[in-house]
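Okay, so here's the structure we're looking at.
Read from first to last, the chains carry the letters A, B, C and D; within each, the first residue is number 1.
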Amino acid sequence: MTRTFNTVGIMGKPNNPAVAETAGILHEFLLTRVMNVLVEEAIADGMTPKPELTVSREQIGTKCDLVIVVGGDGSMLNAGRLLANYEVPVLGINRGYLGFLTDISPQDMVKKVGKVLDGKYIEERRFLLHATINRESDEHETQNVGEGHALNDVVLYPGEISKMLDFEVYIDDQFAFSQRSDGIIVSTPTGSTAYALSGGGPIMHPNLNNVVLVPMNAHTLSARPIVVDINSCIDIYVGETNPHNPQISCDGQITLPVKAGDWINIRKTSRQLWLLHPQNYDYYKTLREKLGWGAKL
Amino acid sequence: MTRTFNTVGIMGKPNNPAVAETAGILHEFLLTRVMNVLVEEAIADGMTPKPELTVSREQIGTKCDLVIVVGGDGSMLNAGRLLANYEVPVLGINRGYLGFLTDISPQDMVKKVGKVLDGKYIEERRFLLHATINRESDEHETQNVGEGHALNDVVLYPGEISKMLDFEVYIDDQFAFSQRSDGIIVSTPTGSTAYALSGGGPIMHPNLNNVVLVPMNAHTLSARPIVVDINSCIDIYVGETNPHNPQISCDGQITLPVKAGDWINIRKTSRQLWLLHPQNYDYYKTLREKLGWGAKL
Amino acid sequence: MTRTFNTVGIMGKPNNPAVAETAGILHEFLLTRVMNVLVEEAIADGMTPKPELTVSREQIGTKCDLVIVVGGDGSMLNAGRLLANYEVPVLGINRGYLGFLTDISPQDMVKKVGKVLDGKYIEERRFLLHATINRESDEHETQNVGEGHALNDVVLYPGEISKMLDFEVYIDDQFAFSQRSDGIIVSTPTGSTAYALSGGGPIMHPNLNNVVLVPMNAHTLSARPIVVDINSCIDIYVGETNPHNPQISCDGQITLPVKAGDWINIRKTSRQLWLLHPQNYDYYKTLREKLGWGAKL
Amino acid sequence: MTRTFNTVGIMGKPNNPAVAETAGILHEFLLTRVMNVLVEEAIADGMTPKPELTVSREQIGTKCDLVIVVGGDGSMLNAGRLLANYEVPVLGINRGYLGFLTDISPQDMVKKVGKVLDGKYIEERRFLLHATINRESDEHETQNVGEGHALNDVVLYPGEISKMLDFEVYIDDQFAFSQRSDGIIVSTPTGSTAYALSGGGPIMHPNLNNVVLVPMNAHTLSARPIVVDINSCIDIYVGETNPHNPQISCDGQITLPVKAGDWINIRKTSRQLWLLHPQNYDYYKTLREKLGWGAKL
């Protein structure tokens, strides 16, 4: 079953001339191909000519059959967390510097977007994580004091430089391990080629239903990444003796304050992101070209 | 649904007095609890008194409702590859030195085996890999020239010391990467705490449907382990320019010769091993106690 | 040539009852063995009875023939950076939790300190690093805007969570590499078993005249630690495009603000710390016992 | 003080047409510049026209003021071990595939060799290791049963695939660690960018007086490389329970059989290799270009 793309939205990195220029060319092209083209207000402001139909960030997901994101992986993470709510499919044009998720280059844009509109695309589902911070109130009740979604990763940081963090990790209500480290990265397969890889985690194929826990500079020789099922309940207890301002970061874009004694619950969301790729998309080629992975000397 | 254990088999490391002694105690205990106790011939020889009912290695799987393996992880791997054919469940008594798979200690044996016979156990399924070596004949036909099963891992070795191996890896018919290295470890979650871990692979929870490919001392800075779905078709092409005697090892126990130009196909088998554990089995505790994993300094 | 210890100083972690108690016992013992015992004011306050002779932190190095530090590695780093100025030898009593540098346990204190006073000790020299931050003023002159000493390591941090840092490293005026990462650890052999080890650096024997540069979570697959001569000039240029508040940390105890565009010069100091150990001191045993290094499963 | 190059030798990889061709051009050029050009017999055979003056491998070191090696790093290792005996300087032309040691490309050969002959070169000293295998005879006397030199590394291998090795390492007569692994790499700084790097060792600048011990796939989570002084006495005891045929490899080129119970002594030799480079030689550039080290994504 092929999707029908009557209304196509354009999102992107705001205040960026290169993005605005590419978005302009894309806009013009889409007008020749689909019934409605809606441009997110934030990016529309920078475009010349200013597009006729604009839409708020809040509404773009409800009104479009497809959203095309112009920018880097950061823009896609940002858009992806939003659009996963509406199950609207997303396509990415790379104007950033790595472009793992935004895999169409501006030069190929017209040709490749055209093919996607013709129904020639690959569709991938990427799941998201949901992190909740739970704190015991003075009345010994547990309160949700913060939450966020992540397409790549949920990262726990000490929040102060050169202070290590003490925490305990429970998986499906079983104590798994405690650690003294610079924190921990809980990453989806999507995030496995991002920060988790820098931290020493394995590459995980995007179609896997897994999460990897990657310790960051652990103060022990025996820490290793562990891969678990995405449906696992991952709970992190931030020890009482920690520095004052630990923090959680979702996709490196949302920051939530944590206190010593808090519990952080990380779960798969019911949301998922539908990511489209041109038909010749080749994951391993992306790994080789963008990461230099597996290059022989 | 609980299994019924009328006939219980005993297997184990042959020619090992400690194993024979433990098997003797186990045998005596089982006689008080189940209808039939069958002892594998190889181990029966060393037991005093010699057990009445013995059975060949070939038949033990067809005749028993449960097989108890006395030995180390090596004995369990050996037995597991065999018993997976018959879907007979297996329980392990540790007389080896790590005992990841054989998780009941001889001291607790009578008590814990008793509980398992009472139906108080956890049941786990572990999948196996099947490796086939394919060679083009002079008539340009492809012939299967060797095959083996693995519960832990299939490892490709150069076969000569200080000679690196050149090979290419394809996943689901897509070229993934080429490599010049000391070989590659293709490991199940079961094997992820064995050789793959020594090679820098992640720990994978045993319930995952994954395989990890771990490069061994790759001659590049950019090699990293990759985790893929267990249903992936993993094909390794051994380059033409390789040293004379590459080899494949299954679980470090079966060795198969490979030639330059061969293709190695690695697939999940339809077989699976049913591994029983006492009810208080705790995977993460095993990781912490047997690997020292996650210990804080 | 053996040192003579007429005046012995006591330093330690202030406001810590366990440290004060151990310092009290040590003080009493020293009074029976040496001519003068001077206690640093900060620790003297917590001791009962309060010692007669106290000395300021500024003067302890000039007045003593030996300083004994009671505390953890943090206390020793703190004292060591100070005492290196005066070339007064230092001995450590462990009241911290790892005690790599403070290698005498409180239980053995009286016996082992006694032996050291008898001249039965091993003497080790540990060198220090000096980091200077240089900034171009509006008049295009370069100004030293911050500096610090380090016994373990000089670490460059982004200063904000989930922001990577871009920088370039020059060694002896040659461009070595550029990096996008969570920063870099420049560590002495002394520091090689501390934070640098968490970051993936090698262990370096304390007698080496080396420095290791350890990248932290580099955003590339090809980053590796590099070991260079301690007399190398190590210069780090913090790229213009960086987040607002990079920071340098010396031994995790001194923090210095850095700005995009700054140069950080790291050099060996002419200072060195003389560290004493009991005669049965065994570096490799310390590695095995305190790090669990090289333990077989 | 500049060296004088009256007699120049040519060595190289035998039976290799590309090497022979480059050696021919080099030979012709040298005849125009120096008094005598001596070609090693093994390579002379393949050259057209056959050079007039040839010399045996045994004599080349005694007769030349400079030897130029045409080939890859393997050829240079081979020549280097020999020529270190005579302290004759060596220059390398790369006809191999990485060329860390043979850093002049055939295209630049005439120009760069010319400059070297003009005295415009950088001179580097590289030290060698000497490994001795000692075995207790039936009369309880210790006998040297094998020895070899290495410019890169001495590697201890199990000698059979999928058999781990048990051994103990002593440094300066102190027990350092025991290990169960695929063996160990003892590497010079020269070798630190070769096999030791594949095994996870740090890069060590060639001017360092260090050796690094790199465990290979150790069966523990706590193994780490350790860097020690080159003058350390490194002794490896191969445990009694090992597989039948452990082996030592020097530079991957000399193989020596080892038996369970043997002691392997590794020491710095008094020999050193004088390696010449063109004046614009830049070690870090070589790292970046040949290893892709430090590349940003």
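Throughout what follows, a residue touches a chain if its C-beta (ideal position, glycine included) is under 8 Å from a C-beta of that chain, and two chains touch if they have at least 3 such contacts.
Every value quoted in this text rests on a predicted model; they were computed, and no experiment measured them.
In terms of C-beta pairs in contact, the better-connected of the chain pairs B-C and C-D is C-D. Relative to the C-alpha centre of chain D, the farthest chain centre belongs to A. Mean C-alpha positions place chain B and chain C at a centre distance of 47 Å. The geometric centre of chain B is 40 Å away from that of chain D, both derived from CA atoms. Centre-to-centre, using mean CA coordinates, chain C is 37 Å away from chain D. Within chain D, contacts with two or more other chains are made by residues 197, 219-224, 291-293, 295, 297. Interface of chain D with chain C (complex): residues 166, 171, 174-180, 197, 201-205, 207-208, 210, 212, 219-220, 222-229, 232, 282-284, 287-288, 291-297.
On the side of chain A, the complex with chain C involves touching residues 155, 157, 159, 161-163, 181-182, 195, 197-200, 216-222, 247, 249, 252-253, 255, 291-293.
The part of chain C that touches chain B in the complex is made up of residues 97-98, 221-224, 290-292, 295, 297.
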